[in-house]
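Going in written order, the chains are labelled A, B and C, and every chain counts its residues from 1.
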Amino acid sequence: MFSGFMVNAWLIGTIVAVVAGIVGFFVVLRGAAFPAHAIPNGAFAGAAGANLIGLNPLIGLGVFSLGAALGIGRLARHGRADAVTALALVMMLALGAAFLSQSTEYEPEIFSLLFGEILGVSRGQLVPVAVLALVCVVAIGVLYRRLLLTSIAPEVAAAVGLNPARIETMFLVVIACATTMTVPVVGALLIFTLMIGPPAAARSFTDRTALALWSSVAIALVTVWVALACSYQTNWPVGFFVSVVSAAFFVAGRVYAWWRHSRATTDRASLVA
Amino acid sequence: MSWIVEPGFFSNGPVHVALIVGAVSAVVSAVVGVVVVVRGQAFAGHALTDVATTGGSASFYYGVAPVIGFLAAGVLGAGAMDLIGVQRLRGRDLATGIVLSVATGLAALFLYLDATRSATTGATQQILFGSIFTLDSSTIPLVAAMSAVTLGVIAVIYRPLLMSSLSAELAAARGIALRAVGLAFMLALAIAVGLSSIAIGSILSTALLIGPAATALRVTRRLRGAFVVAVALGVGATWLGVLLAYNSYYWFPSSQGLPVSFFIVALVFLAYLVSGSSTLRRLLRPRREVTV
Amino acid sequence: MSTPPVLDVEHLRVAFAGRTVLEDVSFRVQRGEFTGLIGSNGVGKTTLLRAVLGLQRIESGTILVDGAPLSQHHRSLGYVPQKIALDPDVPIRARDFVALGLDAHRYGFARRTKEQHELVERALADVDAERFANTRVGSLSGGEQQRILIAHALISQPSLLLLDEPLANLDPRSVQEVVSLLHRVASDHQVAVLLSAHEMNALLPVMDRIVYLTNGRAASGTTDEVVRSDVLSALYGHHVDVLTLHGRVFVVAEPGEGDQDIPEHPTLTVN
């Protein structure tokens, strides 16, 4: 399981997990689960379109992810955010379906774009993926504290001269970047799982911000590695294992948080009594 | 006239079925959709469509009619989401997202198993994006029955539903059983999603659910008006989409045209964008936010 | 004195949602002054504070902070908003949130120095928050969160601290606690304070000056100068009485024609 084509899968899976863990931490912090689900679907349309006209799919992925991110950001400001996000999401999926219907390889293309094809990733894709990953991580690193304050207390942030709207746009672009590199690997429909399960679990286990971020990365790594191993053994889709393991961590986090909370309230009650 | 309606449209059997099933699911989706948008539950509604995808792919694998898979999965999903607490405000997006993720993962598994086991292709396409032209007329009675049930449920819980959507606290103070009403609505939503999944595929049924409703709410002032406009938009988009897809079969003979679902979604999306334009606003005269 | 006032508002005019909220507001806040922005609900106190912060567009007038226009001086202002929804699921401890007050505007991931850690400790001690410094901010009670917000605003050593209705919905005892806390930290740190409230009595012992806002205009000065029947009647545009009872001040106004926002007895309270 650690030789040949699997080496690529492990390498890329690790990179994807790190990026998803870091970007996902802020997705969860900002309550941006729905856009984080919608933007990869834009990527789907882009890849299908690029495929149709013979371009490198990554270009299509990038262009459409960015368009989706900025479009959703703009439309959400002028209407109901959740309704608009839903509409943009399905519009892009429908576009992707239309593009694919015009090409000869309808069926398997859809499957791999939606659910991922990590075992089919080539050596040549490693470099662009690594580069995009680096861009995402550096961007988050540079914006770290601004992102934190604008996410947690946007009013206070605005009062001290930060620009929450601009930070929001930049963050959406980072999401677009992250989905561009991850969609070929885990697929449009499932990258989002990695961006919400591990971070949501991580923040249940610790109160400290930096620790929660690193835990998010750690949990994402474990998720991807376990999923890859299981997929290799059973031949079942990687995405399936990613979603199940992520959900398991999420539930574990919720249970732990509930237990902690009930212990704290009984402690406080016994103090009063 | 033939360039608007390609030959044989009105006499075509599958077209009749498509128009009927499409219209019925559009009506139900529009009505339920207005409530979904007012309640701010578009994400939950969309998550249910992904759950329906799971049902559809499972039904393919087990050799059951897709409509059963869509509906069963939808109902199970709605129940699960209610259990996890999607109704509570805090953390509900994450809970919704996790349910969605697991459902999609399962869908991936079923589609894969189906593809490896049987030689049939096209499962993914059919479930996800619909195949309205290949529907059998025998589905019409079931579709009509389920639509009647859904609309009946909505009619029965209409007032408490509206009250709880606008203000949960006030509703609870009035003695409305919030959980029960919420759950009943989720089930109605699940059925609506299942129905439109048959027409335009599970992944795109969000469009019929959210699109006409969101557009109507932008354009009208009264909630009752919103229902009417949403239904009109939904049925209009569906019929026009069927027509365009039929025509595209002739326009792009090499690839057998574009999918119906694409046209319907595009029309719905276009209607939403147009409803936000300033020229339209001027035409309709300034209107304020929706009042009941 | 040649040092400019910490805040200088001249002929401020603000309108939104189709109506003029602030017509012609002028006042100054000097270094270290504790100023109360008093007015009934809906009269435009929050709008005024937001305008000072640069979050609200102004039609005309000038706002100078430390003698310069706002855009260059965001660091001179500390802000404590009225309500802040801090999610208990968010993993940030109270002390880390206060620390963000030091360097949220900085880029990158630099580690905090020992001095900065000490600043945080002192800020927490100033607001009596050591007890819950390591708890998640979202898990704290409303009052505790307010203290953390104050510490967060103060730690960057602003010249002016703005608070939007910090006393609203508090019971009388908590009101006293918050007022004395604010007064103490303000004088310890020599920070000017501008806080909005719809009831002035709790602030009478600590207020240096008052800015009384109504009808889109303001009267500013010491309490004795401003809270008088003649001054307030001119401001309101009709007759109001000012009564003093047991050291407490009551402004009794009847709703008249042309009043936009005044409820029956805006500042009449019974403790």
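Before moving on, here are some points about what is shown:
The rule is simple: a contact is a pair of C-beta atoms (placed from the backbone, for glycine too) under 8 Å apart; a residue touches a chain by one contact, two chains touch by 3 or more.
Values in this document were obtained by computation on a predicted structure and should not be read as measured data.
Chain A has its Cα centroid nearest to the centroid of all protein Cα atoms in the structure. Taking the mean Cα position of each chain as its centre, C sits at the greatest distance from chain A.
The interface holding more C-beta pairs in contact, when A-B is weighed against A-C, is A-B. Averaged Cα coordinates give chain B a centre that lies 49 Å from the centre of chain C.
Averaging Cα coordinates per chain places chain A and chain B 26 Å apart. Once the centre of each chain is set as its mean CA position, chain A and chain C turn out to be 40 Å apart. None of the residues of chain A touches two or more other chains.
For chain C, the set of residues touching two or more other chains reads 89.
On chain A, the positions that touch chain B within their shared complex are 28, 31, 33-34, 37, 78-80, 82-91, 93-95, 97-98, 101-102, 106-107, 110-111, 114-115, 187, 189-190, 192-193, 196-197, 200, 236-237, 239-244, 246-247, 250. By the touch criterion stated above, chain C contacts chain A in their complex at residues 53, 55, 74-75, 77-81, 84, 86, 89-93, 96-97, 100, 103-109, 134-137, 149, 152-153, 156, 162.
Those residues of chain A that touch chain C in the complex are listed here as 29, 141-146, 148-149, 152-153, 155-162, 202-204, 206-209, 211-212, 257. For chain B in complex with chain A, the touching residues are 37, 40-43, 45-46, 50, 93-94, 96-98, 100-102, 104-106, 108-109, 111-113, 115, 121-125, 128-129, 203-204, 206-207, 209-211, 213-214, 217-218, 252, 255-259, 261-262, 265-266, 268-269, 272, 276.
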